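Consider the two complexes below, in which chain A is the common component and chain B and chain C are the respective partners.
Moving on, here comes the complex of A and B:
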């Protein structure tokens, strides 16, 4: 088995063949068997397969892009299930971006945040309030709802608002450490939700528990975005930007400072790292991803209310990070995808199936035991098992591997420029 | 010329006086040792100089400028770097990255420059990597550069702490028991390294060390602490024959019995 894997790893052509074949087969299975959730998931997993190949990053991105932009939507588009597939894919994208944000805070900077969904809520309400008539209640100027064209600007506003709150809340919150930080952030998450729930008086800003309905759909060149198949592309673009951003941050001065703070605060300070600034930056950057996706979420659902932003949501995002691998970008992407799909597809399918069985009188499952209601139970099990047996997650975080040649002085390298210099030296000497 | 001056420095932890009215002058370019029995207050002294603890009273001047009240990262910016007695490496990241963390304040890639991957930031990172590698070569750890720091042998971890401290480009380097846990060969290499650093890098070095051979070999000036008080200071020869010092180390009466 090891040998066999090794051969494949050595042979790029073989890898290309396997990946290509896999994509073609799963593509056509989904294309032809429209109702097959399995085919849909298998086509999605081609990305995981791609991750394990030894192709260069550029090739991986190209193939991955082809699958995400063209093949997946195309294969899914042939039947009635199209929109529900795209809905799942869109939500997977939203959760991946959020999990990547939380991963910066928890995985890289080592700050346990149990109220992370608050930033998602901030993004969602930022757009929700201004893209419905709600803003008329308190804004002294302007006419609301704003048109769907404003959505594109709101992605940035949501990003900014969430980052700002990340900083504002970080200032008091970061005075405490470890377990206390977890409790304080948990409290903060709940406070934000409760504020949104109650901010309908004295001035009606959020419309309280009733929520905000008929949020304007995004509009671009006169086209309204209404369907998941359209939101899919919005999410995809933001997600790719987010992945690039985290990847670059991870291996930069900023990412190293985050990790240094996580590994040892005192030593990090002794290296000249400003503790508060570094932590706030992690809070702000992590929050900003959630804020952007909050805006998209509000537009996609066309409805925002506080029940979407409960503690369970924060825990769900945390489970994604822990399951995938704290601090590991590929891991967190995988974790987020698995948990979202488990929630949306596997558990609902199982529930449907069991309902079918009980309807036919084969077995009878009490309502309380239906898989869709076991979400917390399943998360609990996952957390315990991973904490015990695989604390580093499914795809553990990897450190950058540097090339020794690049690190050494260029003098030894065969390089035209350097050689010229060397000959000049000879001249001087003679 | 004195680069670091300490006046009346006192630190109390509740009822315990860990440092009591310490006065000290450290000459620029010198190697000064701070010695004393366990619990004498040596690490506490370092912690006050580097801003980890705030002194209860007293003054610390770096080039005649007070650094009391500064946060540890600000002290580092002023040019004081240190290593830790209980090793505090960034265990889960690589050896090279550990050194690069030390360059934090000499790199200027901001949030947006990094996200946009500007050529300026890329270039700076590349240079930082090479510089870090050079520092690893300097302390003799270049073969470990891609390893996780926590997987290094003990002696190498101590050297990595030094490389990381050097990366901050300090004027004054504080070493807290750099030879602890090293075998004799490693210790003699380290002795050479400390000596070379002072010569080649324009450094002033203050070190805490229990290995008397090392201390006597390289320090020009020795300060002895006991129970938080400075009981003696002078050249290695002076300290070697100081009765109070022998007493502090071996117990009362030892000095008279020995002579």
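Moving on, here comes the complex of A and C:
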């Protein structure tokens, strides 16, 4: 088996053949069998297969882009289930961006944040309040709801608001040691939810537990974005920007500072890293991704209420990071996709199937055991098992390895700067 | 405005003391484990919740057999308390053995994550069992001590209103005091207590002094969890209705109490619990009055968390804790 894998790894043409064949087969199976969720998931997992190939990064991105932009929507668009497939794909994108944000805080900087969904809520409410009539209650000027064209601006406003609150939360909290931080952020998440739930008096800002209904859909060149198939592309664009940003940050000066702080705060400080600034940066960047996706989420659901932002959501995002591998960008993407699909597709399908079986009288499964209710159980098990047996996650984080010989080579000292950068790129690709 | 606040004061104090006693004992579990392992045992709130469910289940079974009517309520209570504390104590030991011991030398982040996992797992298992047996995971136990006693606070001074007390209030308070005094005696006066303090100070050195560290840690978990479970029973008796999600927020507040009193300090946790309970009840009763209805009683949770954050920022060692210096 190992030999066999090794030969495949050596032979690029063979890899291309396998990946191409896989994509074609799954594409046509989804194209022809529209109701098959399995085919949809298999087509999605072609991206994972692609990740394991040894192509250069550019080729991987090109093929991946082709699958995401053209093949997946095209294959899914042939039946009634089109919108529900795209809904799943959109939510996967939203959660991936959030998990990448939390990955910066937990995985890279080593600060356990258990109230991460608060930033998502801030983003969602920022757009929700101004894109419904709600803002009329307290804004002295302007007409509300704002038109859907403002959505594009609000993506950046949501990003900014969340980052601001990340810093506001960080300033007092970061004087506290690691394990207290978990509790304080947990408290913060709950506080934000309680405040949104009760901020309908004295001035009605968030409409309390009733939530904000009929949020304006985004609009571009006179086209309203109403359906998941349209939101899919918005999310895709933002997601690619986020992945790009995370990849660049990870190997930048600040990214290395985050990792140093994670490994040992005091030692990092001794190496001249400004602790508070570094940690605040992690909080702000992580929160900003979440805030951005909050805006998209509000526009997609056209409805915002406090029940979407409970502790369970925060833990769900944490599970994504732990499952995929703390600090590893591809891992977290995989983890987020797995958990979201498990939540949205696998559990509901299983529940339906079991209900069907009980209806037919094959077996009787008590209502208490229905898989849709078992989220906490599953997440608990995942957290415990991964922490105990595989703390590095499914796809562990890789640190770039430098070729010592090449760096020491004095002949190339003149080009040392260029050389260093080149080697770094080579190893990022792998 | 002051008058209104004073009117409700007797009732607030009584309710606050009840809640505070619950916080205080749950806080003991947090503080003991933190003192010995430097770990926030997130699952402790869930052990409290499990205790409430086990206790209620036993009481319901007794009631089902008709035994409850035939024995004095106090005997039933003692029986339930003992059984529940043994069950939850063993549960706590089991959790330590399975989830925390293998990770004792792992980074703290990993252990915290397991603790959250255990907490979620317990919530769902309890929900599942309750729903399977009962059809609904919200349980209401039989009321053991439901008599109402009026306290004529107005006879002391005309400023106060009369307060009313459920007779279970006294039970909660008495049992809580007995538990706290016993624990204090155990930790400070017995050989095992000395071993616990030694392990908390320095694990390696304690091991060199022939203290069995693993046994002491298991014992700590047993005692903390037993106390937490027993408190769960008291909570169920006092407040009647329980669900599998009571533990998380209550645990969080109990942790706040432990931090308030100085984490690792047992007497501090008791004091912090009582203080937090009274403060929270005071806030719940008076926030709407003081702010003229702008801040509703729903903000009492925000109030408790705000206390936590303020304490952590300005006096992270708590009211009675010692300042510790971190070294590389």
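Definition applied: the second predicted complex is superposed on the first by the 402 of 430 C-alpha atoms of A that agree within 3 Å, B and C clash if a C-alpha of one lies under 4 Å from a C-alpha of the other, contacts with A are read in each partner's own complex, and residues count from 1 in each chain.
Rule of thumb we're sticking to: a residue touches a chain if its C-beta (ideal position, glycine included) is under 8 Å from a C-beta of that chain, and two chains touch if they have at least 3 such contacts.
Just so we're clear, the structure is a prediction, and the values are computed from it rather than from any experiment.
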item: First (chain B), second (chain C), both or neither touched by A:201; value: second
item: Which superposed partner A:387 touches (first chain B, second chain C, both, neither); value: second
item: Of chain B and chain C, the chain that contacts the larger number of chain A residues; value: C
item: Touched partner set for A:175, first chain B, second chain C, both or neither; value: second
item: Contacts of A:259 with chain B and chain C, given as first, second, both or neither; value: first
item: Which of chain B and chain C A:167 touches, first, second, both or neither; value: neither
item: First (chain B), second (chain C), both or neither touched by A:243; value: neither
item: Partner chain(s) touched by A:376 [first = chain B, second = chain C, both, neither]; value: second
item: Chain B versus chain C as contact partner of A:271, first or second or both or neither; value: first
item: Partner chain in contact with A:38 - chain B first, chain C second, else both or neither; value: neither
item: Where chain A meets both chain C and chain B, residue numbers; value: 264, 266-267
item: Residue ranges of chain A touching chain B (in the complex, touch as defined); value: 244-245, 248-249, 252-254, 256-257, 259-260, 262-264, 266-275, 281, 285, 397, 399-402, 404, 406-409
item: Residues of chain C defined as touching chain A within the complex; value: 38-40, 99, 102-103, 106, 108-114, 116-125, 127-128, 131-132, 137, 248-249, 252, 255, 259, 293-294, 296, 298-299, 301-302, 305-306, 308-309, 312-313, 316, 326-328
item: Partner chain C, residues of chain A touching it in the complex; value: 106, 110, 112, 114, 172-173, 175-180, 182-184, 186-188, 190-191, 194-195, 197-198, 201-202, 264, 266-267, 311, 315, 318, 322, 326, 366-369, 373-377, 379-384, 387-388, 391
item: Interfacial residue positions of chain B with respect to chain A in the complex; value: 50, 52, 71-73, 76-77, 81-82, 84, 88-94, 96-97, 100-105, 107, 109, 111, 114-115, 117, 121, 125-126, 128-130, 132-134, 145-146, 148, 164-165, 167-168
